[in-house]
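Step one of this worksheet: look at the structure below.
We just call them A, B, C and D in the order they show up, numbering each chain from 1.
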Amino acid sequence: MSSKSFYALIAGVGPGTGRSVALRFAQKYPVVLLARRPESYESTLADVEKAGGKAIGVSADVADAASLKKAFETINEKLPGSQLAAAIYNVGSGGFARKPFLELTEKDLNASIDGSIRAFFHFAQAAIPQLLESVPNSHYPPTLILTGATASIKGSALFSTFAAGKWGQRAIHQSLAREFGPKGVHVAHAVIDGVIDIPRTKEWAANDGAEDGKISPDAIAEAYWHLHTQHRSAFTQEIDIRPYIEKW
Amino acid sequence: MSSKSFYALIAGVGPGTGRSVALRFAQKYPVVLLARRPESYESTLADVEKAGGKAIGVSADVADAASLKKAFETINEKLPGSQLAAAIYNVGSGGFARKPFLELTEKDLNASIDGSIRAFFHFAQAAIPQLLESVPNSHYPPTLILTGATASIKGSALFSTFAAGKWGQRAIHQSLAREFGPKGVHVAHAVIDGVIDIPRTKEWAANDGAEDGKISPDAIAEAYWHLHTQHRSAFTQEIDIRPYIEKW
Amino acid sequence: MSSKSFYALIAGVGPGTGRSVALRFAQKYPVVLLARRPESYESTLADVEKAGGKAIGVSADVADAASLKKAFETINEKLPGSQLAAAIYNVGSGGFARKPFLELTEKDLNASIDGSIRAFFHFAQAAIPQLLESVPNSHYPPTLILTGATASIKGSALFSTFAAGKWGQRAIHQSLAREFGPKGVHVAHAVIDGVIDIPRTKEWAANDGAEDGKISPDAIAEAYWHLHTQHRSAFTQEIDIRPYIEKW
Amino acid sequence: MSSKSFYALIAGVGPGTGRSVALRFAQKYPVVLLARRPESYESTLADVEKAGGKAIGVSADVADAASLKKAFETINEKLPGSQLAAAIYNVGSGGFARKPFLELTEKDLNASIDGSIRAFFHFAQAAIPQLLESVPNSHYPPTLILTGATASIKGSALFSTFAAGKWGQRAIHQSLAREFGPKGVHVAHAVIDGVIDIPRTKEWAANDGAEDGKISPDAIAEAYWHLHTQHRSAFTQEIDIRPYIEKW
């Protein structure tokens, strides 16, 4: 039951939520950072190591089953005997589009479907067998966490294709929670209902520029850690996270 | 404002809900029956004509933008000067699958995505411009109705890909309702929460075989007609429909 | 099965939705108008009769079991042998309050509890036995319809006590739908999400004064009639109703 | 900003969730245990002290504004200068009833209304001014947590009055979250969807007697502590908590 032999896997590790999640989980586990290109995970890798944690970067395309298979082989080589404690799917949607419906193209639709539904489908198919294997040994119930958004629960005007991808992703998540919960895997979804405070959103004036009007990615990471450590008699399947001052 | 110059379009016209909807709307409008192959609409065509209505069958692939474009050209030739009063999207999902998640293939996922999300996306992109054109002249607000299912609102275990398609479809619908309602188009969704009483389900013992334990497709058609005739100050965006005896 | 021996009962019959519902149901049934004071039902009574329908006014306090019991005795005297086809609960909430939470008093809370929860509880306890008796004979499934509001599904800031009453009422409704649906009684709830166009709201500028920006009470009545006439294999439990232009 | 001058208040402190919450919050704050009779809090008081924490018992009727006012005076005497960091409303509903609707009495209805809606209303009116005062000084955002149940979100057959109280309570909670969140108070609701593993439920065979098939009250307490410590840029307004094996 030693925690030494477990690792956490994070897909989507740019300088925002993914980085914070990596730093948080690295307090307990070696973390594996998954991204298509090394540029995407290198700075987080360095941050984790600077903080005294252990991190490994693996290049893979989460939307591609074969690429994911190879990624897990790489992980097994680099962390031999280590088991998957938590898989966090935090991939920023390539499918974001804010457009009148009649201006959307099939390309917009595919970007959302591929980025949100297909990629999560493949990631979950690759991660769940590993999580199931960890059930008998892991200290905390093996966990699959999906980062969602306002568009995961609301189909706003001008967001039709983006919402389609996010809703589809959440549908899969909910189905997985019902199928794998009873097998000991904790499947949880976080509805991030607000602007996250990351370099990319620095200039955005969320909530009229109010202090703490954007969501701290460290706070999201803290919530994910809490989800991971929940006792199996008390799983939370979905949480909402929003600034105190957000309208909802 | 004469109703003579309007027609209703129904996609998905096999011997079930589509047929009942065609018969109901044919009491007021010529109905255009859309299906990939003539075999799918021929019997409904005959039934509408036997009932004294006017029906036209058009072969088209609703998941293909070019095919839909051609279908509307055909309609304009066959019903010159006629405008679209109502478009009913009732396409049976090719994406149905009831399987453990780890046994699902990318083919299962694509069947649901293509059948539920992509096809409705293209159908809506083709139909909405026509519906918008009808706004100033039509007696009832031009209407786009989408047939949904229990899986449109619930991600049950073993239904992950199917639910992903249905949720995605509903997300698009909700976004369209918010974008086009204010422009005068009524976009409505029906959650059909039970087994429909059609030839294909004859042997199914829904609700322990109770009388009226399966949903009458004529009753669904009546509800759709009500939705179509609602005043624009009183649009219903979503209804649930289930047998009196259904557990929910 | 003759419709001559059935009547509809409407509680809340001022010059708005109640009046429209009375007029709509009076096209088929004698209607009984329930109000605390005759002044509340007299003008609707006259309108129904002018339209060629039959209406009876009965004074009763819907929040008081004894008063309701007496009302049903009066009805049985005035309409001997007649059975209840539909009961519409449309009582305007005495419990409306828009106030900061810390300024609300127990009186505000009680007004909402008594007006929304207690009164509907008693009305339902009085009406349901009558509706159950009608099941074997009535042409349409006996129906109990509850008029709800935006506050029935959303707890907005400054509406805490009002929402508590409306949510509580909807909880009872949902429980009744599950208990009495299988017994053949159709229990339905309408979420009226907008300003109704009635004398009292004449000066309100809903939706920036847009044409048809307020809900036509006749359109609500039409929706209720549709609910009442639904086949028991296809009950709708809840509909939303809002102007095409309403934000939601 | 020293935590020494803050306390946590827990209403509903029998040998279940309340006890666990008291023990968890006592790791950081002195805890005040509120109950109608000293017998209800005495064993928890002893447990907290045994664990090295500080606890104070105060007798009060949470459904009575005057009694609550007096309770806060007592608290101020016993903990002079101390401010309210967190108020947890965990009062077991006196309003539980599982009965056919037509067998329910006004007494059943009142028990649910008084126990769930009225009592939480008064508790919140007494606690919120204290929480607002703590906003500028407290380390964690001052927090009001409400313990809910399955019946808070579902009106099941035979639970009409119980659900009415729970829904009403949740409506107030949601309204408070929207009003006081922007003022810095974290208002959160937990939907406890399962049987809690406490002395009273020892003989209940939840989830077919599966191991960990009942919710650990300590795990609930851990979730509440996480809610309390959330950064104000990342408030969770509602969580669900259920055993891994629960059907939902």
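Assume a residue touches a chain if its C-beta (ideal position, glycine included) is under 8 Å from a C-beta of that chain, and two chains touch if they have at least 3 such contacts.
Which protein is which chain? UniProt says A, B, C, D = 7-alpha-hydroxysteroid dehydrogenase.
Owing to the predicted nature of the structure, the values given are computational and were not obtained by experimental measurement.
Along the shortest chain of touching chains, how many steps lie between chain B and chain D?
Contact-graph shortest path, chain B to chain D, evaluates to 2.
With centres defined by CA atoms only, which chain is the most remote from chain B?
D
Cα centroid separation between chain A and chain D, in whole Å?
31
Can you give the whole-Å distance between the Cα centres of chain A and chain B?
35
In whole angstrom, what separates the CA-based centres of chain A and chain C?
One centre to the other, that is 47 Å.
Can you list the chain D residues in contact with two or more other chains?
Those would be 178.
Could you classify the connectivity of these chains, where an edge means two chains touch, as line, ring, star, complete or other?
ring
I'd like to see which chains touch which, written out pair by pair.
A-B, A-D, B-C, C-D
Touching chain C in the complex: which residues of chain D?
Contacts found on chain D: 65, 100-102, 104, 106, 109, 113, 117-118, 121-122, 124-125, 128-129, 151, 154-161, 163-180.
Sort out for me which residues of chain B touch chain C in the complex.
By the definition above, chain B touches chain C via 141, 178, 181-182, 184, 186, 194, 197, 212-216, 218-220, 222-223, 226, 229-246, 248.
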